[in-house]
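The following pair of complexes shares a single chain, subunit A, combined with subunit B in the former and subunit C in the latter.
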Partner chain A sequence: MSTILLDVFNVWTLGALLLGTTLGIIIGALPGLGSVVGLSICLPFTFGMDTVPSLTLLLGVYCGSVYGGSISAILVNSPGTPQAAATTLDGYPMAQRGEGGLALGWATVASVLGGLISCGVLILAAPQLSRFATSFGSVEVFALIVLALTCIAAVSHGNTAKGLLMGLIGLMLALVGTDPVTGAARFTFGTPFLSAGFDLIAVVIGLFALSEAFWRVATGNAESAEVSGVRMTLPRLSAWKGRIGTLIRSSGIGCLVGALPGTGAATASFISYAVARQVSPRGDGFGRGEPEGIVAAEASNNAVTGSAMIPTLALGIPGDVVTAILLSALVVHGITPGVRLMTEHLDVVNAIFVVLILINLVMMVVAFPLVRLFGRLLMIPQHLVTAGIVVFGILGAATVRGNPLDVLVAVGFGAAGLVFRLTGFPLAPLVIGLVLGPQFEQTLRRGLLLNDGNFLSFFTDGPLAAVLFLVAALALAAPVIGALRKPRLQDSETK
Partner chain B sequence: MAQNSDRILCLGLVTLAMAAFGWSFIGGGGINAASTDQPMRLPRILLGLWALLGVGCALRPARSDDTSDGRAQHLGRTTALIGMLFLVAVSLPTLGYLVPVTGGVAVLLWLLEERRPLPFAVSLAVLGPGLWALFHHGLGLRLPLMMSGGVF
Partner chain C sequence: MRKTTTFAVICAAFGVAGTAQAQTLELVVPFGAGGGTDTVARVFEPGFAAKLDRTVVIRNTAGASGTIGAASVAQAAADGNTLGYLPIGPLAIQPSLRDTSYGLDSFDYICQTTSTPVFLLNKSGSANADLAAWVAQGTEDRVVYGSSGPGTIPHLAMAAFTTEAGINSVHLPFDGTGMAMNAMAGGEIDLFVDTATVMESNDVTALAVFSPERLEAYPDIPTMQELGYDLDFSVWQGVVAPKGLDEEQRSALSDACAAAIEAEAFVELAKKTNTGLMYRNAEDFEAFVSRNAEMNAQILRDAGLTQ
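Coming up: the complex of A and B.
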């Protein structure tokens, strides 16, 4: 306990907490940046830090950016992040009525409470899941990775084939370099640089930060909006009467959706919004500036931040790109993610729990001055933001291993990322494949060695692995069945 | 147009997978006669699946729910930006960080149509030497140097 307090309550961690949360809210509030780009450009600052302060900075950016998206969603009808898209539905009509400050108050309180509820769920669920996961053998871990990859592919932009293809490319990229078992060189093309494989952070910076900058230049999508100074007003306690149920329900939905791989906060907020609209007696007012709509969207999208960490911390399986980046930050600090993360690095995991709670509390305090500054933040010329993304991308890639050739890798993946984005190929499965690739290979080969090279025995080895493979198959089959049923339904509707 | 670019990309990915598959037989990996565990077995399986899925993506009909992030209107400028960054990346091992990145930032600002002298100069100073000084000297994160043991 005293170790956790020392890890968290020191000047470096608390400074990282304040800085990360503030930066996160600013990044989230600026339309077009978002959590992943924010994390990518903040990564280089963490390389020289200790483990806990570096994770604190990144978690602050993550949680802050999810909340920050609501500021621009409410004030300029342009969600800073996709997670805040549902917030515009009621937030902007309130701002149009001159209640922008109050709408921000509803969003802030709902975000903080949703985030705190998800922290509670994380603290209760992650150790249980982790204890269960320590009994996993190679086959079960392999099945779990297959399930994670198929789930992420299945929900990728509604196109499973493209998602699977990107996941396979990610897995394949993870195999480049020296084979860990035999020491043989694989796809290194005789270059010593590739013998250590592609650096995950250089790839992430390329795919998300640099490709974002290239996309901004390619599409000319860099519009600014103007907004006058707004003061945030918290809603009165009496105004919560009849709305607490929506807060708790939406937080629950956010926790549930966040724990599933590949779904994310945007999905959670729209599901919560739709459910609240159906269930609430004020449902008719939704879409016309009803605060309960803001509560539903914001409580759920912030509840995702804690629960998304459940599979990440308990199983070492990242559910989305954000948690993949957080895991890669752990790798930089010499911590190997996996099913034994919680047992071998309990001090770090416990510190993360405390930090997540503190971030949600700090967010409430930091939000007040940042909302007032929002008008000035929007005045930052977008082309300078783009230039900043490029330079931070180069800095991050150049410092991660101290190898200047990693910048070449980042630029190459940035160009590839732009092409993928313009053609609708999802980037998340590629990164998740790259993160899980080494574990995927290790568990597969170990499982094969233990089963005399018989892959079929993976399905009969134990009930858990069989169930995981079955769920993975269903996750793949569901979109295909849905696509086959769609024309039939359309036919019956036209008849 | 979007469907064509989609197909071209899929076929490009299939070609890449096939080339890597071919390379796996000639470019090392080796054979371990004492074990059934071969270093190139998993990559070949993955490359095979990659090629199959690529063909599947290229052949499938257009779908209304396919989404891309937007339409490229300034491809020439973007290509110039990517080309410039490749040059910066290639020159980093020999010229160090400061010189190529400062030059690159100047080109970048010009490509982003920053023509006002003062904002140009301030942005260049902050994003080039400013961030270099912060990272290299302030945060102690070593950036590539022009000469080993040199100042920049």
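Coming up: the complex of A and C.
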């Protein structure tokens, strides 16, 4: 125990903790500079540091950036990271009502609690949960992705047809690039740059950030008066009444999805948002500035930060790019990650536990001045804010993979996003389709390869898959059943 | 006025994005920061820069199995300011698997830096104790093997093995090694091919090694040749330049490369990551790449992946 305290409570580690978390929040809040870019920037600096401080810096940047995306999502309707795309759905309507500070308060508290809950799960149940996660084969993950796709219907309130169409466009855009089974180039029109497909971050920048800027210019809409001088206000304890369930459920969803390889925080927040909308008595208000929507998105995406460590620490398997970068930092420091990590390097693992808890607590404290800073930034003349969004968006798109086409992709989707906004097509379903598309296709095709091309075998594959398919079917059927019941109620009232 | 400001700043942003490259030596890594290739390249860079007495900047141009980064090297000016740190995939496999805008003759070869043998792995405590048992299962029924994507070494080595052994197999490609290892832990795939790093860090055991001789570090693991399959696979990396580099520059770079491989930090990293150091000079590397690419193209044809 004392060695853990020595490892963690020294100037270097605490300095890295503060610096990493602050940097992470800023990186997350700027459109385009997501978690991966943030970690890539910081990775070379860690080569000269000790093991624990360097992991602390990286973990701080990771957790901070997942939270930070919500700040710009709420204040300027441009999620700083794809993980925060679901946060715009209710966050921005609240900011438009002049409740931006309160929306940020909900996001912060939900993020911190979601993060802490997942730390608890990581510390107490990492070996068990990692074993459960390996029982998710291709068919089971496919069923989970189908469940996640049902949230397209949930976020296209008002006009399901337009929402589904956008979801389909997103899924189809995900097909562009390299065929995951044969390696052949698809829908690339012979240009090698398209063979890597559309980069999610470039699309999100274009669709949300740039189109927001274009929309402001096109409509001459300056709402600066409403968002200026934002100060974060924490929600009152009484407001949590009835919303605690969503916090815990969303954190649970985040923990489970985070522990599965290849999914991640964006998927988790969409699933959790869809489920919350179905289950919550306030579900009808979702998408119109209901704090519970923010809680659902933010609790789950931050719960992923802790649970993504579960397969990484318990099995040595990096579930995504973020944990792969963390593992490579371990390797550089001479620690071989893997199944024996927890037995051979328990001191490092324990230090990671303590550091993760501290990061979430520090996040709460650092959030106040940073939100004020961003609020100040928004007080500068609106046209400069708009230009700033464009600058950071373009720079972000250019740096993400170093692929010059990504800048054009971002601008193209910015223009498309403007058209969608003007014609009333919701943007979120397109992102959902694009986020889930590659996983949807890969798990479907792997499942078909395993079952000799017989799709019906998916339903008899095992109890876990069957349960997930059933839940997805219920999620799809629930609104239909609800819609059938409502007119009948009205009928009886009029009689 | 406001719209003018906005427009001006947008133009400035494009300008900055376009000229973000200074006149230093740029080493293109065709995969993301933090990946296996990137980690080695970042430890290779200081020694290389010191010997050349130049500032070397690593640029990660990821995507499409490394072919986008490789293409950007091929298209760069042959002035010695842009080099590529490329592994086997984009250099000697992908050009025969798909339409890349470059080929083997788009590059001038500087040096090879590493060569790491790969192992045939199965889950620890698997019901089949040795390779013969898996071959028997594959003859009667089928074996499922995973890979970290189509056209990767894990895929090619297994495709070559199943062809050579004449067994029924299903190939399940995953998005990287991590997800494939998860599938192996869950029992979805039976066999996987990868380096000692992957073997050491997962709950798997090696059935054989794809090298001509047994390895010093693993004397108990038989070679594929001993088991009756004439197969030799390794993952390797090297430095290339755009075609047309002048001879003097090329030999200076090649010398700097040799020095970088002997640098203490590089040797240290190689030991930690079970990476095999392998220096080949410009001519030897060129000949090796050409041989290797021809072999890989043949395997892809045999496996029915290309015409």
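By our rule, the second predicted complex is superposed on the first by the 272 of 495 C-alpha atoms of A that agree within 3 Å, B and C clash if a C-alpha of one lies under 4 Å from a C-alpha of the other, contacts with A are read in each partner's own complex, and residues count from 1 in each chain.
In this section, a residue touches a chain if its C-beta (ideal position, glycine included) is under 8 Å from a C-beta of that chain, and two chains touch if they have at least 3 such contacts.
If you're wondering where the values come from, they're calculated on a predicted model, not measured in any experiment.
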Touched partner set for A:F47, first subunit B, second subunit C, both or neither: both
Partner chain in contact with A:A185 - subunit B first, subunit C second, else both or neither: both
Partner chain(s) touched by A:E441 [first = subunit B, second = subunit C, both, neither]: first
Subunit B versus subunit C as contact partner of A:T246, first or second or both or neither: neither
Partner chain in contact with A:I394 - subunit B first, subunit C second, else both or neither: both
Subunit B versus subunit C as contact partner of A:L418, first or second or both or neither: first
First, second, both or neither for A:S307, with subunit B first and subunit C second: neither
Partner chain(s) touched by A:G316 [first = subunit B, second = subunit C, both, neither]: second
Partner chain(s) touched by A:T108 [first = subunit B, second = subunit C, both, neither]: neither
Those residues of subunit A which subunit B touches in one complex and subunit C touches in the other: 44, 47, 179, 181-182, 184-185, 213, 217, 381, 383-384, 386-388, 390-391, 394-395, 398, 402, 407, 449
Residue ranges of subunit B in contact with subunit A within the complex: 2, 5-6, 9, 13, 20, 23-24, 27-30, 32, 36-37, 39-40, 42-43, 46-47, 49-50, 53-54, 56-57, 60, 63, 65-75, 77-78, 81-82, 85-86, 88-90, 92-93, 97, 101, 104-105, 108-109, 111-114, 119, 123, 127-128, 131, 135, 139-144
Residues on subunit A engaged by subunit C in the complex (per definition of touch): 36, 39-40, 43-44, 47, 133-138, 177-185, 190, 192-193, 195-197, 199, 213, 217, 261-262, 311, 315-319, 321, 323-325, 328-329, 331-332, 334, 336-339, 381-384, 386-388, 390-391, 394-395, 398, 401-403, 407, 438, 442, 446, 449-450
Footprint of subunit A on subunit C - complex, ascending: 2-3, 5-6, 9-10, 12-14, 16-17, 20, 32-36, 38-39, 42-43, 59-65, 67-69, 71, 97-101, 144, 149-151, 170-176, 178-179, 181-183, 185-188, 197, 200-203, 269, 272-273, 305
Subunit B-touching residues of subunit A, taken from the complex the two chains share: 44-45, 47-48, 157-159, 161-162, 164-165, 168-169, 171-172, 175, 179, 181-182, 184-189, 210, 213-215, 217-221, 381, 383-384, 386-388, 390-392, 394-395, 398-399, 402, 404-405, 407-408, 410-411, 414-415, 418-425, 441, 444-445, 448-449, 453
